[in-house]
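For clarity, chains are labelled A, B, C and D in written order, and residue numbers in each chain start from 1.
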Amino acid sequence: MKNTIGHSITLTIFGESHGPAIGCVIDGMPSGLEINLDYIHQQLSLRKPSGAISTSRKEKDEVKILSGVKNGKSEGTPIALLIENQNGKRKDYSKIENLARPGHVDYSAHVRYGGFEDASGGGHFSGRLTAVLVAAGAIFRYALEKKGILVGSHIVSIHGIEDRKLNEKKLKKELKQLNEMDFAVLDESIKEKMIKEIQSAKEKKDSVGGILETYVLNMPAGIGEPMFSSIESRLSEALFSIPAIKGVSFGEGFGFADLYGSQANDAFYIDKGKVKTKTNHNGGINGGISNGMPIHFYTVIKPTPSIAQTQETINYKTKKETSIKVEGRHDPAIIHRARVVVDCLSALILADLLQEAYGRNYFGETL
Amino acid sequence: MKNTIGHSITLTIFGESHGPAIGCVIDGMPSGLEINLDYIHQQLSLRKPSGAISTSRKEKDEVKILSGVKNGKSEGTPIALLIENQNGKRKDYSKIENLARPGHVDYSAHVRYGGFEDASGGGHFSGRLTAVLVAAGAIFRYALEKKGILVGSHIVSIHGIEDRKLNEKKLKKELKQLNEMDFAVLDESIKEKMIKEIQSAKEKKDSVGGILETYVLNMPAGIGEPMFSSIESRLSEALFSIPAIKGVSFGEGFGFADLYGSQANDAFYIDKGKVKTKTNHNGGINGGISNGMPIHFYTVIKPTPSIAQTQETINYKTKKETSIKVEGRHDPAIIHRARVVVDCLSALILADLLQEAYGRNYFGETL
Amino acid sequence: MKNTIGHSITLTIFGESHGPAIGCVIDGMPSGLEINLDYIHQQLSLRKPSGAISTSRKEKDEVKILSGVKNGKSEGTPIALLIENQNGKRKDYSKIENLARPGHVDYSAHVRYGGFEDASGGGHFSGRLTAVLVAAGAIFRYALEKKGILVGSHIVSIHGIEDRKLNEKKLKKELKQLNEMDFAVLDESIKEKMIKEIQSAKEKKDSVGGILETYVLNMPAGIGEPMFSSIESRLSEALFSIPAIKGVSFGEGFGFADLYGSQANDAFYIDKGKVKTKTNHNGGINGGISNGMPIHFYTVIKPTPSIAQTQETINYKTKKETSIKVEGRHDPAIIHRARVVVDCLSALILADLLQEAYGRNYFGETL
Amino acid sequence: MKNTIGHSITLTIFGESHGPAIGCVIDGMPSGLEINLDYIHQQLSLRKPSGAISTSRKEKDEVKILSGVKNGKSEGTPIALLIENQNGKRKDYSKIENLARPGHVDYSAHVRYGGFEDASGGGHFSGRLTAVLVAAGAIFRYALEKKGILVGSHIVSIHGIEDRKLNEKKLKKELKQLNEMDFAVLDESIKEKMIKEIQSAKEKKDSVGGILETYVLNMPAGIGEPMFSSIESRLSEALFSIPAIKGVSFGEGFGFADLYGSQANDAFYIDKGKVKTKTNHNGGINGGISNGMPIHFYTVIKPTPSIAQTQETINYKTKKETSIKVEGRHDPAIIHRARVVVDCLSALILADLLQEAYGRNYFGETL
């Protein structure tokens, strides 16, 4: 279904950029799962715009729990989360009414919804809705961590500037460090360069994108379903809902095209009684099912389409050519904010797969 | 659900590499759609192993229609398709029982299914099942073509050897040419080089992978759903079910990471009363919804994991380290065979999205 | 999925009797559908407790639209509805903590949710949630009426007291009259008897149930899907979610057991060029698909389980026998309030089936 | 989805009365579940036409397992079952082409499918497909029995002739006896009367229906989901797919309309440490969730619509009135054959609910 994802655990999302509120319903919950509102807010803070390199729109992002939680534990019935929009400025967009912002959904949505869509700020298609993905996903990221399953990401590159590689022998330590950062880059000097690059783009009234690399540690082997429910299918279905993501790859990803099979295969061995692979080119997934090695994938975030330059476009009502200058508030880059969306949403999908495998008592606690 | 995909049109798949038969049930069918069995078989012939660069396993791949078709037209009730396995050689695999072939699902499936899985030849996870994806998808590829919607792909690269680019001004013509080829490469001399590279890999008891580029022409604007049902979400969910695919990207894909927003945005203009974009960096999709430009995406096919070299591995029953030499029949490359799987499966997903939008009379014909 | 119903249009529901709010998300909406908040509130008023024969709990039942509606028309993206609970009295229930109210979900839910459930007033299982079913369903009841499709019900019997039969030749007129009534009974003198019977039950600290009869006029022929998506399957799946409903039957229902086939079959004839049947024993449905005659079904509402008498029960925590006297606020009958829930929920299911058949433009309006 | 049912375990069904084969795909299977083909065939034999009181169509009903089973155990991947039609007589139906058989789907299906439907013998809507429901359901009926969960039914009445009531103190014993019978009636003399009544109907070129009563013993408490996934919702959704069923009720069913709440509530008590209720008016289900008492429900089977009398009808192609005499092969009653369909289909739904609760290891066995 359109705005619902998940099999055993399902997330249904609603709201618009400038409507009264955004939110979701999470169903299929285990009962007795700790719902840590502080953790949810801390995760949301990682998505917040940050100073000079982000939009000036400020939202408190306070999550209200409307149902499904009692004494800080999930009841097992649907959890509804609500985030009120406080800083929606519908007027910002009136000047550009019926103009298709290049790179945005405006024209596509106009055809899809016949003009009844909420066009302001992208409406239901706005990046604003990723706040809900973070809030919902944070519940499961927290639950996974309590099970020892760690999700974490860093920014591999922004506009050609590359972070150093993760140290595969210190993955856990480095991911934990990254998870504390606002701007998740391993090399401090690279981070500065990246921020300068974003500021430079902003000065040019332009924007930049980049690549994220994500790891999930301690995912048990044997999780995933055949065919259309492979871990790759399930994660990519979710990840492509994040507005700017235009590519998802696992393990060596597009690099596989240059390898021999003998280089791409991961040899199995036994390490202290545990099955491991010597390399992890396949990103912890064989045939769609986890093999016990870290789940490893990349996502590419396109440059933010909202830029302050004058661009050629059309008025989709008059069907005439014109130009557009999007004023409003812009993010010259969103990759550093998208990171926690990828982490939390991935956590939700993996939690769904785990509960599908082990039943509804996997995450729950008994009295 | 695990082995079912689709919203309005659903495909449910079953079978194992060496079982009696593989097949599927297609539900949500429009009634009155032409079911062209010759076309289905012609599409299946594009997936067949080809001489020296493929496995020696030969299958007739004769599709039997068990239900849902009368006088060459869909009835509207479920269509069941059956392909009997004729050349299953279970004995080929007995020597490697309980040994985890590197790069294969064997170990993951063993944990997932507790030893009850059909391990021979990958069982349910075998590339053999992609014959069903082709047969089912061919129904909709044919239906799309009658609506003027053309799907086609070429091999962008194999092990570093790159085909020339498609000519964006002659897309329709070139895709039609490619769709007639067994080995879908634009440049004849590159094709020879690629085949030599595959043969060379085979001689080294090795394998190679590559990248496919796919276009869908004349997809109407306004198709797709928000969030988890974006065209990107729906296509990637399907495409990652094809065993060797490890990456999917749309438009500029991972190349977006190096672009400015001003370079990545596609300016709209009016061409003979029709809305178009001057460039198509976003692959015909804005905010998950089609914008009327060609849908454009890439998939990467990893090198076939079955290679004739001795590889290090474990026996997952005894939990001891050992080595494995997979004899049987191997494909040193499958990318040229995977092409039609990508085309047909994509057609099925897009047909599903179209019917979801326009209702069940879109593809049907009245008496 | 648990709290989601529907194929093309989906309803996801959340909330608890004494939580901050109850509500829902409606997805798969057509765009351009009129959302008449006055009509929704008018429908909700038919569900409200009424004087001496209902609970004294009073709720304003004000529906807030959080998303998906612009200028009184649906946008096509998810509609979220919220009804705040204003009169939740958690203290009412503290005395009976851990005691299983006979006829209620308490004990079952305790086992199901391991004690994490919200037990007060039935929590998520409370009849309170039927307010959401009315609010959501009213959107589609209104839409159906604009298409000329009329849903209506009357109370066939309460505790053995029977209303007169509907006049099949004046169905439209009588249903319209019933739809205006708070207490939907055709015969005014019977209505008085029924109300006295309810009052008498209340005096005895007891409760009564009854039977509802529902008609849907002008449903087009050819709507419905085979097997598990027959109109009967789809309606019953929905109707059994209404807490007190314990039976659903179509046409002659359980009366079919006493008929010959020659009596049960409905002979077809042509009336002014339109196909009709001379009788309608099958309730407008043949083989699960509508035949153009009025859809006709019955539901039985069991007597409200909350009664003020002392009843034998157990403490499910201590596993000891005890007795319980439920004080709080009770409905000695809910059938008159359940009527509009049946009507609105049925409207939603039929709208879903219609959109599934005709596509998303069926209910929508173009600009 | 249309021809798919289930959440954790899903059944997708296909085929037509006179097509080459009918069958299904069962997905979400646990691995290691015993698949007892003899038991499946024994269950199918209970559905077979029996002598003078049934159709003369004889089918061998041999089930072929196409996938998902190895060494008599489920692999965990999809199980495809196939039953070839051997005695399909398409010619029987040619005389009545385009004539709407009263009480049958013919006209409804014609509108639904625009004339592309397979009309002969009801096509996809034929009772013939219940053979697949039995075959698929038998797998789970067998699995439930190994868990000590017993499903069984008897014929309560046929055309007004009533069997004696089940002895609630000997439920297990009596259900086991019924499960061995071809014609499931407790009182031997009543059975004879019923058979005579069926024969008498046949002589009159007529048919009769009746009521079935079903029990499920030892269903654990706490099974079922809220709202639209209550046990009542899930069972009724399935049961109404059986062609002739027009009513489903739980516990006292429509009898609740005549009871006081004090009579309808089931008082809890403790029996040897186990929670029980003194009565079981609610049929083992409170608030949609099992309470540990026997699940108890009724279904009504309408008289077979195929009768040998001349009936008034229309030709739906010419839209002219005419009469019809259905020759072919008829069942003067199907209730005795429908019994095992109800039992097996119910078993499948309950198994689905159990696996949803306990995870995929509930039914599986470890190596």
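One rule holds in what follows: a contact is a pair of C-beta atoms (placed from the backbone, for glycine too) under 8 Å apart; a residue touches a chain by one contact, two chains touch by 3 or more.
The shown structure was predicted, so the numbers you read here are calculated from the model rather than taken from an experiment.
Colleague: If you tally contacting C-beta pairs, which comes out ahead, B-D or A-B? Let me know.
Modeller: Answer to which pair has more contacts is A-B.
Colleague: Farthest chain from chain A, comparing Cα centres?
Modeller: D
Colleague: Quick one: report the Å distance separating chain B from chain D, using the average Cα coordinate of each chain.
Modeller: 39
Colleague: What's the distance between the Cα centroids of chain B and chain C, rounded to whole Å?
Modeller: 46
Colleague: Using mean CA coordinates as chain centres, what's the gap between chain A and chain B in Å?
Modeller: That gives a centre separation of 26 Å.
Colleague: Touching two or more other chains, which residues of chain C qualify?
Modeller: Within chain C, residues 1-4, 13, 77, 112, 124, 226, 357 contact more than one other chain.
Colleague: Residues of chain D touching chain C in their complex?
Modeller: Touching chain C: residues 1-5, 7, 13, 100, 102-113, 122, 124-125, 129, 157-160, 201, 204, 206-211, 220-230, 232-234, 236-238, 240-241, 243, 245-254, 256-270, 273, 275, 277-278, 282-283, 285-292, 298, 300-307, 309, 311-314, 316, 319-321, 357 of chain D.
Colleague: Spell out the residues on chain C that touch chain A in their complex, using ranges where they run on.
Modeller: Residues 1-4, 10, 12-16, 19-23, 25, 27-28, 31-32, 64, 66-68, 70, 73-80, 82, 112-118, 123-124, 364, 366-367 of chain C touch chain A in their complex.
Colleague: What residues on chain B touch chain C, complex-wise?
Modeller: The touching residues are 8, 77, 226, 356-362.
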